[in-house]
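Think of it as A, B and C in the order they're written, each chain with its own count starting at 1.
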Amino acid sequence: MFVRNQWYVASWDYEIDRAPLARTICGERIMLYRKFDRSVVAMHDACPHRLLPLSMGIKEGDNIRCRYHGLLIDPEGRAIEMPVRGERPHKSICARVYPVVERHRFVWLWMGDPDRADPALIPDFWPCSHADWNFDGDYYHLKCDYRLVIDNLMDLTHETYTHQGSIGQQEILDVPIETRVEGNSVIVSRWMSGIEAPPFWRNALKQEGLVDRWQVCHFLPPSSVIIDVGVAPVSVGSTLAKHDQGVRGFVIDALTPESDISCHYFWGMTRNFDTQDVGFTARLKKQQAAVFLEDVAVLEAQQASVLANPQSKMRAFGIDSGGVRARHIIERMIAAQPAAAGDSSSGG
Amino acid sequence: MFVRNQWYVASWDYEIDRAPLARTICGERIMLYRKFDRSVVAMHDACPHRLLPLSMGIKEGDNIRCRYHGLLIDPEGRAIEMPVRGERPHKSICARVYPVVERHRFVWLWMGDPDRADPALIPDFWPCSHADWNFDGDYYHLKCDYRLVIDNLMDLTHETYTHQGSIGQQEILDVPIETRVEGNSVIVSRWMSGIEAPPFWRNALKQEGLVDRWQVCHFLPPSSVIIDVGVAPVSVGSTLAKHDQGVRGFVIDALTPESDISCHYFWGMTRNFDTQDVGFTARLKKQQAAVFLEDVAVLEAQQASVLANPQSKMRAFGIDSGGVRARHIIERMIAAQPAAAGDSSSGG
Amino acid sequence: MFVRNQWYVASWDYEIDRAPLARTICGERIMLYRKFDRSVVAMHDACPHRLLPLSMGIKEGDNIRCRYHGLLIDPEGRAIEMPVRGERPHKSICARVYPVVERHRFVWLWMGDPDRADPALIPDFWPCSHADWNFDGDYYHLKCDYRLVIDNLMDLTHETYTHQGSIGQQEILDVPIETRVEGNSVIVSRWMSGIEAPPFWRNALKQEGLVDRWQVCHFLPPSSVIIDVGVAPVSVGSTLAKHDQGVRGFVIDALTPESDISCHYFWGMTRNFDTQDVGFTARLKKQQAAVFLEDVAVLEAQQASVLANPQSKMRAFGIDSGGVRARHIIERMIAAQPAAAGDSSSGG
C-alpha cells in the first residue's frame, strides 16, 4: 500500500545527531543516528536478539549496544560482540540497514530493495541547497493518510476557506488553473498576468509597478509537492516555462507515510530574496505554524470522517485535478510493484 | 442492529441554534442547526466533495459552506455554489438530509426511508408540551448499549441498591409489579393503595391523609421509557386505568443509540404541580444529576462486563419482565426490517 | 493459550481484606475478599443476574449483595436472596467460585477444573513462610506477556546492561552458566568459587575471607522463577547440590498472566540474615523498586516491538537457554491440555 523502492525523507538534517532517533516509516520502525564522521545510519529499530528497540540502546563510538543483553551492533547492522564475552557472533545476526543519503537539507531513506537504491533517483530539491537561496522549515506529525495532504497541496483554492483567517484570498479563485502530467510528475499552474503585487510580494520585490505572478504546484512521486511561487515585473517578460527573474520561493512539502492513517510532514520554504534576513526567516516559520494548524484541523477531521463513512466516496471537482492525477500515479506505481516479498521489516 | 424507520430524539430543543451541532445517531454522523425561521436542519455531517465534516463549516444565512474548499450547501442538502465561481454544481452533489420534526420539546429525526417519515408516528409525549405542565431536563452521554438503559428503567427495584445513597427505598420491593404488553408497548405498573405519602409527594400534594400511589413504566418503541408517577387522595378513587387527580409527574427517558455500545440519554421530568416554582425545577435537575451518576457507574460497568464475558449470559428474573418484553419487541422490529440497502449513511 | 489446571498467585496476603479486590487472571475477571474467619473467597466478578461486577457490590457479613438489583450471593457463589423478597433463588443462579489457598504469603487460585485442585500442587515456596527467614515484597502490573518476564529472569546477564545504572556488574559475564531441566523445572546456575564477596554479601556475611557465591534460577511451572543467591566461606565446602551454610536469599518472582499482553508480577526477597532488621527490609524494597522500573521500561518496549514486528523472530543465544527451556515446558503443557470446554469464565 506504500510505494516501494523510493527515497523518502526520514528527517531534517538538523533533527539527527549521535543519539538515536526512532521514527516509523512506511510501517517500519527505524532508528537513525549520526556517526562521528557525521554520516547517518538508518537501521531497523529492533535488536536481532530479542527485539528490544535499539534506539533505547547505549552508543559506543559509532556502534550501538542493546540495552537488554548488550549485543553490540556496528553501523552496518552486524553483531560484533555477543552478550557473553569470547563468543563470536554468527554473521546471520544482524539488523537490517537502510540506504541513506543526506541531500538538500534532508535525510533520505530508500524503502525497498537496497540493490536498487540509486541516489540519482532522489528528487531534485535544488533550491533547498543552493548558495543563493535561504531554506528553513519544520517537522510536523499528522494523523492522516499522506495522500490527503497531497490533495490539499495540489489544490490551493482551499486557502480561501481553510485559511480564511490567515492567508486566504478570494482573488485566487478568479484565475483558472492548468493541470498537466509530465511522466510521473503532475503540474498545476496558475498564472496571473499584469496584476498588482500583493503586500507580501511587493515587500519582497521592493519596486513599484505591475507584475506577473505565479503559483505552480509540482507533485513529485512518491509523495512530495513543491510549490513554485513568486512575482516578476511585467517588463522582464516572464512565462510559465521561464520565470527566473523577480523574487521567487519554493514551498517544499515532503510527505512520508508512517502508517495508513498517519504521516510525517516536512515543510519548508526556500527563497531567493532577503536571504540574509534572519528575522524574516523566523517570522515566516512562525506564520506558517499558525497556517499549518488550520490544515491539521481539516486534514485530521477529514481522515476521521473517511473512516467513519466507509460507504461515502470522495468526489473530484475540477479543482481536484492535480490531486486526482497524483493519486493515479501513486496507484499505478503500487500496482506495478511486485507483491511484497523479501522486503519485510524483519531485522535480519 | 438498530430499529430503522423510526423517529429518534436527536436533541433537546434548547441544544440547537444556528451554529451546527454534530451528533452521531444510529451510527450515522449528523449535523443539526436552525434556520432563521427556527426550523431545524439535519444533514449528513460530511461534505459531498471531500467528506470534511460540514459541522466545521461556515454558516452563510441558512446555508453552510464547507471549511475546506468552500462548497456551499443549502438546507435541503443541495450544492448551490462550487469552489470555483461560475461552475454550476451538478444536482447529484448533495448531502443526505433527514426528516426532522420539533415536538414536545425535542428534535426528532427519522432514521430510515424518508418517504415513510410520518410525523404522526412520533410518540405522544403530550405532558412535555402541555400548558398546565412544567417540563425540564438534561442531556447525558452513556458508554453503553441503549437497551441496558431500557432494562434499567423498566425495573425500578434497582433504585433500592444502585441508589441506596439517594432515592432508594426498601418499601418499593414489597409491592408486586404487573407487566403487560399492548401492541408494541410494554407497561410495568406498581400500585400502592392507601399508604402514607412519602415526603416528596406529601410536599407536592399539600394535604394530609392516606393516598394511592403509582409508578407506571411505559416502554414506547423504539427506545423511550415514560414513567408515570404520583399520588392522589384515597378519596378520589384513582385506578390504574384512570388516575388523573392528585399530583402527578412523568419521568421522560428518551434513548437514542449512538453506536452498539454508546447512546444519548435525554432525561426530563414533567409535572402538574408547583409548575411555576422555578426553584423546585432547578433543585429537581440538580438532584437528578446526582442520582444519574449512580446509574452511569452501574450501566457503564455492566457494559464493560458484558464485553469482557462473552460466554456469560444475562439472566432474567421476574423483576426483569418489562425489560425482557421491551427487548423482544425491539428484536422483532429489527427482524422484520429488510436488510439495509439504499439506506446507507452515504452523503449522496 | 494459558496453562490451565494450575495454581497461580492471585495476590499477596496483605492485598486482600473484607472489601472486594477485582483482578483479571488468565483472562477471567475475578473478585477476591476475605471472610470474617480471614479465609479468602475468589469468585467470578460478574453478577449471575445482569453481569454487573460483584466487586462493586455491598458486603453483608461474608456475603455480597449486587449493587444493581440486590441479588445476595454467599461465599460459595450461591444466590441466597432474590431482588424481590419472598422469592426463592433457583440453585442454578450462582457465580463461579475458584479454589483458593493461602500459602507462603500468597493467595493462590486454581485456574481450571475445580475437581483437580490439589493444594499439594502449589509450588513449594518454603523460604517465604519459614520462621527463620524474612520475606517481603511488592506487586507490579506489567504490560507484557508473562513469558517475556520469565525470559528476563532466567538470564541474569541482562543485569549488566539493563541495570547498568543500579545493580549491573560486568563480572557476572565472566562466569559460565549451566542449564539443566528436571522434570518440568529448569535450573540455570552460576557458581563462583573462591572469590571476594561483593559489598552486599560481605555486609550480610559479616566476616572476611574468600567465599563461594551462587546464583541459581529455578523456573517452576507454570510461571514462577525463584532465584537462590548467596555466599558462604570457602571453608564450609559448599556445592551446587548443597549450600545451606553462609548467608542466603531467594528472590521470588511469581508471574500471573492477566491477558496475552499483560501480567501481574509478585516480587519479593526472602533471606536468612539480618532477619530482624526492619530498616534493611525497607531499603531492599526501595532499591528493588528502582531496579524494577528499569525492567519495566525494557519489557514493555520489547512487547511493543514484538507486536510491531510480526515478521521478526526473536533469536536465542546461549544465555537464553533457561528461558528457551522454560518456554518449551509451557508450550508442552498447553499442547497437552484438552481444548477449553466446560471451563469457561461464565458465571454459572
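Operating definition for what follows: a contact is a pair of C-beta atoms (placed from the backbone, for glycine too) under 8 Å apart; a residue touches a chain by one contact, two chains touch by 3 or more.
Just so it is clear, the model here is predicted, and its values are computed rather than measured.
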item	value
Superposing rotation of subunit A relative to subunit C, computed on C-alpha atoms, to nearest 5°	120
Subunit B against subunit A, contact positions shared by both copies (same if over half, else different)	different
Interchain centroid distance [CA atoms averaged], subunit A/subunit B, Å	49
Overlap residues in subunit C, where contacts from two or more other chains coincide	none
For the subunit A and subunit B complex, residues of the former touching the latter	151, 155, 157-158, 160-162, 164, 173-174, 176, 297-298, 301-302, 305-306, 308-309, 311-315, 317-320
Residues on subunit C engaged by subunit B in the complex (per definition of touch)	24, 29, 44-46, 48-53, 56, 58, 65-70, 82-85, 87, 93, 344-348
